[in-house]
Structure formats: structure tokens, C-alpha cells
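Right after this note come the structures.
In what follows, subunit A forms one complex with subunit B and a second complex with subunit C.
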Partner chain A sequence: MRTTQPTTTPRMESPLAEASRVLPEPDYLGDVVISERVVAKIASQAVYETPRAGAAAPRMFGSVMPGAGHMGIRASDLAARPKTSAQIDSSVVYVDMAISVRWPESLADVTERIRDTVEDRIKAWTGLTVARVRISVTDLVA
Partner chain B sequence: MRGHADRTNRTIMIVLGAIFAAIGGAIIAANTGLFASGFPQRTLLENPAVAWIGGHSTWFWPIAAAAATVLGALALFWLIKILRGPPKAHDISIDGSARTTVGATALRDALTNEIQSYRGVDAARVRVYGDPIQPRLGVKVNLTADARVAEVRNRIEQQALAHAREALDAPQMPVTLDLGVSKKSGPRVE
Partner chain C sequence: MTDAMVDGVDIDKLAAAAEDCPAVDALVEGPPAMAATYLPRRRVTGIRIEDDVVTIQVRLRWESTVGQLARQVWSAVRPLAGGHRVDIVVADITAPATGG
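Now for the complex of A and B:
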């Protein structure tokens, strides 16, 4: 019977078959996976470094949430990291952020500077392409 | 900010007035015998319209009820629309798209705080109207009784409102400034 032949048992063959499927070429080193949180941190760091912009307190029904600055709720602070989120779709990044800007700086100026910095840094540090940086200014700090 | 629906209101009122005037004129004309149908000789109870309605009451009244409901709903809608004022803006676009926005509430709070910090101002109230690309501001300021009105007004226009225009890069942004004087005097030791 053929099953008595030890060399043809599937148990012996399987590691080889799997290895040849995972490694298409001998110098394949693996994948680099960049977390969305890392990209979001890079973006928020760029805002943090701008003296004219920073974190914004969350709003509820149009006014700043009571208790902002306590219990882990962000307060509006130009020297703090804002809330950011990033979404990675293959090699394209979409960034969303809610920031505060110093009153009365030109909002177009500040946001354009931030957008440029964020796009350059994400491109340089992760190699991902930034498709869109959505900035919503939710507080103005005097 | 009143007057947002003045034109529509005026048009509706003129149309309704014209219709009622035409009906009244027609009745007067009928009474003077202009249509020559024996109208002035009829008694009050000899009413062909009422007789016709009585004859078709099975379907007439449900339809009349439905029409009255629709009319009532429209009237209510109109009243709410008038009383609520113009729609407030939510997000104002900074670069002309939805990519960069500033919350209308953020702008409102910043401007209110700045105006309220001026000497001679008792209370300030800011509203942001209009569409995201062309916002309009309504600023209502209550001055203390002893405030120098011209001075405070100049300061509001040249500092607070200029700041708002500068922040939004909109030098032509329309602003309605409404100044009032309250009975309260400023903080003063006598």
C-alpha cells in the first residue's frame, strides 16, 4: 500500500510547501506595518510644536464641555497635543484633527502651515502618502 | 437680526390681501346687481353654496378637514420660521472647502469674551449666521449706564470686529452691531 511509504506522508511535506508559499523569493524580509495611532501622533506633534495652535476642549451642545481639564478631558491649551485620528488605506493616509488656534491669528495661515508640516512629516517619516488633512478649529484661545 | 423674511411676508400678505379684496369687491358688485342674476333679491337662507355642500356632505367634509389640516400646518410652520430667526451657521469654511473649518461656536465664544472684557460693556451676545462660505455676524452689546458709547463702539469696531475679520481673512464680512445701554453702572466705588 502507498500509505506505508514514509516520504509521501502529508505531515512531512507540509512545512516545505508552506515555506515556499510564504517566501516567494529568498531575500524577502517581511512587511512593515504602521499603526494608525502612530500617524495620528506624528500629526498631533506637528500641532504641538506650533506655538499658535494646540489642543481644543471638546464641545457639547455648542459650549465647552463642563469639567474640561479634569478627569482626562482635554482643556483648550496651546501647549498641548490635540485630538487627532488617522485612517490608513493601503498606502494612503487620511488625517482628521480638532485644534485650537490663538485668537486673533489668521486661521487660514495657521491651518495651512500645520497642513504642510503634517503632510511633509508623514511622508518623510512613514513613506505613506497623505491624501487629506482635515482640520477643524473648535476653539479660539485668547 | 429681524427682517430676514420681510420680503416673503410682504409678498404673501399682498397676495392674500388682493384675493380678499377681490372677493369683497365681487360681493359688493353682486349686491348692486352688476351680474344681473337676481342676487340682491335672494333671502339669506336661500344659499345655493350651502345647499350644494349639504347635498354632498359625505365626501365634502372629510376633504375640507384635510385641507384645513394642511393649511393649519403651513401656518404653524410659517410662525415657527418667523419666530426662530435666520438659521445659525455651524461650521465656517476657512479655505472655501470642508477641509478646513472653524466652529461657529468657537468664533462666537472668542468674540463674546473679547467684547465682554472691555470697560463699559455689561454683556455681549454674538450670533453667527449665513452659509459656511459667507458668514455674517450679529453682535448685540449691552453697555453699562456710565459707558462712553462712542468710545466703546469704536473699540468694538476697530479691535474685536477687526480681529474676527482678520481671523477669518474676510475683510468684507458683514456685521450687524446692536448697541444698548443697561441700567447697571460699571464697577465703581462711591
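Now for the complex of A and C:
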């Protein structure tokens, strides 16, 4: 009898436990899902608002195309939004962006400023925690 | 337009209530939730009622927070949702005003 006791007790409890789970919890209203596009746009805007940084030059096979501007392809532009992507893993965000920086600004200074703005704004607006903002500086614009 | 009742929920009233929230720019369809309700000869964008869950997919207004959005939508929509759980999907955000 003693060996069966521990197994029978949970079985007796389980129907009650299931029933209580079916009842609606009063303070649970539903889920909120945030799209990665929303986070990417918020991050991208932070760069746009910085006059010292902007959209990066177009890339081909992973590297910047030198002289792309002369071929009529969009060049690095300090007044444009950079290409940005975001990944959301439950409540944590990873942001990747490719930017251009105005010559001769300090890259460390500019990227730190952008990183702070991106982290603060995403946290404040979405409640998500930014785990990483990876910034590739692919061009310097004079 | 006749009243469209889906699972005891007046879907047009629900859509209007959600759309009136200040933080909501519009109800949107497409990814990620693909929320839409197909009715005879028309379609309601951004709302899906399935089992005991109402899913509302919206475009957030720039400078509104997701927290504000959720509070507004829940308080507006819950009385109309007939006891369904209300899930909110923030699919997009409006572009901020340029020139600033």
C-alpha cells in the first residue's frame, strides 16, 4: 500500500487541477505578439535621426561595391534609413544594421550613441529587451 | 451591411472599436498572424476568431508604445469579445513624420 500511495495521490488531484486551469484567470487578457518588422523600423529610425550616420552603400556578395554611386546605384546616404533586420526570441531582441558614418566622426562614438538610442527606444516602446545591436559600418561619407 | 456574428461576436463592432484606439493606426492583414475574417462577399481585415481566441492584428502608431496599445485595445474590445481571449499582434508601425 505504501508504494502505491504516492502514485494514487497525484491521480486524485489531477482532475481538480485540470478543472481549475480551464477557469479564466481574471488578470490574463491575452497575448501580445510584436513583429520583427516593428522592431527593425524603430531601430532604423534611430540612425536616421543621427545626422552623423545613415544608410549604407549597397553590397554585392557581402562586400561594399566601390564606386556604386557612379554607376547609378544608390550610394551611402546620411539622410536615408539604413537596412535593418531584427530577430525576436520570446522577449529578447537581436538587431543587425549596416550603416554609413560621416567622415571624420569617431566610429566608436557614433555607434555607441546609436546603440543606446536603439536599446532605450525598443525597451520603452515595446517592452522587449535588446540583447545585441550589431552595427556594421560599411562606408564613410565625406 | 448586415450584422456579421461570428461565434457570438459582432465582428464589425469589434473591428471599429479596435480601430478607434488612439495607438492603432489601422487593422492590417498579412504576416505574421495572417488575421482576416471571410464573410459572404466581404472580408474583415485584421481580425480572426478561432476557438476561444480573438486575434487582432494592427499597425501601431509611431510614438505610441505597445503597452498603451494593449491597454487601449483590451479595454475597448473586451466588452465586445464575448468572453474570448483577445490576442494582439503588432504587425507594423507607421513611418514617423519626416523633416523633424
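Please note the rule applied: the second predicted complex is superposed on the first by the 102 of 142 C-alpha atoms of A that agree within 3 Å, B and C clash if a C-alpha of one lies under 4 Å from a C-alpha of the other, contacts with A are read in each partner's own complex, and residues count from 1 in each chain.
Keep in mind that, in the parts below, a residue touches a chain if its C-beta (ideal position, glycine included) is under 8 Å from a C-beta of that chain, and two chains touch if they have at least 3 such contacts.
In this text the structure is predicted, and so the values were computed from the model without any measurement.
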Checklist line | Partner contacting more residues of subunit A (subunit B vs subunit C) | finding: B
Next item on the list: Identify the partner contact of A:A80: answer first if only subunit B is touched, second if only subunit C is, both if each is, neither if none is.
Entry: neither
Checklist line | Which superposed partner A:I42 touches (first subunit B, second subunit C, both, neither) | finding: second
Notebook entry, point to check: Regarding the shared-chain residue A:S106, is it in contact with subunit B (first), subunit C (second), both, or neither?
Noted result: first
Next item on the list: Have a look at where A:D139 lands relative to subunit B and subunit C in the superposition and call it first, second, both or neither.
Entry: first
Check: Looking at the overlay, what does A:I88 touch: subunit B (first), subunit C (second), both, or neither?
Finding: neither
Next item on the list: Quick one: classify A:G30 as touching subunit B (first), subunit C (second), both or neither.
Entry: second
Margin query: Contacts for A:G127 in the overlay, against subunit B (first) and subunit C (second): which applies, first, second, both or neither?
Written below: second
Next item on the list: Jot down the residues of subunit A that show up as touching in both complexes, subunit B in one and subunit C in the other.
Entry: none
Check: Within the complex, which stretch of subunit A touches subunit C?
Finding: 24, 28-35, 37-38, 41-42, 45, 124-127
Notebook entry, point to check: Which positions of subunit B touch subunit A when the two form their complex?
Noted result: 91, 94-95, 98-103, 105-107, 109-110, 113-114, 163-164, 166-169
Notebook entry, point to check: Where on subunit A does subunit B make contact in their complex?
Noted result: 56, 59, 62-64, 100-101, 103-108, 111-112, 115, 132-142
Margin query: Help me check something: in the complex, which residues belonging to subunit C touch subunit A?
Written below: 31-33, 53-54, 60, 63-67, 70, 74, 78, 83, 85-93, 95-96
